[in-house]
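Presented sequentially are two complexes of chain A, the first with chain B as partner and the second with chain C.
For the complex of A and B:
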């Protein structure tokens, strides 16, 4: 397993060429994963705890 | 330095000519009372997008801790020890997570225009932190003591030297790069992180655009 992983890490890597854009598959996968994570962070509901109050309400007390 | 008790000491604590008093006043005034470690947050903070700043900080803590362990073993420890290899991998992947979380944090703050409400310095310190973190990771790649580090140094030298920085930042000098990586740049990163957190606590977490309470 370790040997196969090291081959993946140390290989020349696969690249995607699209006009002037050239990017490795590994970097593209990471960027797409980050964009998916970003979108999920915006749309997935956050587990709500006890009653929150606005910053303004809190500072008025 | 003087020592005293009773009423005189109370007068001394408000003496503006005393640098200790002035420094204490400055530290106490850095953030509003109760805002340094708040136990409650505005309702709009209940969103996953607000979690990425803390995730970035948590990753940084793992980066620093694993870096300290690597420093005990030495710069070539990870070549000869499975434990060293493991700690080196923890260091690498916590850096990967640090940058991943930081960039998502950056996207979130950019699209909510987080510099609103006198938060310009919060934004600027974050941008500085991003740039210096890239430089810190660069010196880390130069400190791997392998052919990858040699190749990166060889490829980077001309660009760095053309800026004039090569006089005190020689990428072909692994000893110098290691010291920049483990002493100088981490100090700057931690200092700017502190400034960034103080700015956040000072001005509060930025509200979303459609919930701008400051008008």
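For the complex of A and C:
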């Protein structure tokens, strides 16, 4: 079952050459995904509004 | 008497936080991601490289490698510590770090050929060749082997003309090579049977799990390197980052392998130790970042933390 699903790893590796840089497409995809996750972690707001409220602010109400 | 100016911890703003909830969510996400990615990418299932495969794919190279081991001219024979004292090995400037490691796994390169063949009792030609080799003086042994390696030569490649017999032992010119052709041919025959790994590794430890000798012999030939280059695993191909086939590799090794691609490391004989030293230096810089003037003020120039805690800083800015 697992073997039949593992189509991505089959076949020869695909590589990108750019000057001194040589990187596999699989590694590039992972690096880009990590950068996207990092940026999302920075800009996506925390889930709910009330969690942002501090105890001190609640006491002041 | 001075007054303690440490603020009371109750004066700091606090916020509610459910650590257990975060742990459970993280666990579930990582579990699903791991199983999903394992199903999609799987893991490489590359067949092992064997002496038998080498002997069948490139027999001439195995014969040449065997003769070179006897001549003491292979990579492992001239490697230095931990196998022998035939070179100082990697140096960091004037510091011979590799030599300082000492010869902890002494290996005579000729034993990579003679060891397995000495146990071959069913081939009289090989047995007499081993006996003839052992009876000869060291200078004679080296001359036989070196002459045979030169006579085999190499095929034309990279714009260079072929030498000797063009890399084919069958076409070697007549000469005095002593028992070296018989020894090399004997090793080839043993490798083809699939018994060479066992003959080399059985002397390592009780369970035969010490593959040092097999790997040294394999790495001295061209077959292993050719396979690695074909899979983009060579040092000058950012190989440290790569995995066989189309599977993801080790992208976090990018900085370590990057240095090998640029000068002066790419042309240095001591690249391994130089890259290691540079990475240790960079690691120390990272460890002591909070104490290094200039570097420790980077968050003031690039205030990423203000972006993460933007709501807090927005509220703080509005207060007196």
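One rule holds for everything that comes next: the second predicted complex is superposed on the first by the 38 of 61 C-alpha atoms of A that agree within 3 Å, B and C clash if a C-alpha of one lies under 4 Å from a C-alpha of the other, contacts with A are read in each partner's own complex, and residues count from 1 in each chain.
The rule is simple: a contact is a pair of C-beta atoms (placed from the backbone, for glycine too) under 8 Å apart; a residue touches a chain by one contact, two chains touch by 3 or more.
What you see is a predicted model, and the numbers here were worked out from it, not measured in a lab.
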item: Winner by number of chain A residues touched, once chain B and chain C are compared; value: C
item: First, second, both or neither for A:22, with chain B first and chain C second; value: second
item: Contacts of A:44 with chain B and chain C, given as first, second, both or neither; value: first
item: Partner chain in contact with A:30 - chain B first, chain C second, else both or neither; value: both
item: Chain A positions touched by chain B in one structure and by chain C in the second; value: 30, 41-42, 46, 52-56
item: Complex interface listing, chain A residues touching chain B; value: 30, 34, 37-38, 40-42, 44, 46, 48-49, 52-56, 58
item: Touching residues on chain B, where the partner in the complex is chain A; value: 40-49, 51-52, 100, 103-104, 107-108, 204-205, 207, 213
item: Partner chain A, residues of chain C touching it in the complex; value: 13-16, 38-44, 231-232, 237-238, 241-249, 251, 254, 261-262, 304, 307-308, 311
item: Chain A residues touching chain C - in the complex, by the definition given at the top; value: 2-3, 5-15, 20-27, 29-31, 41-43, 46, 51-57
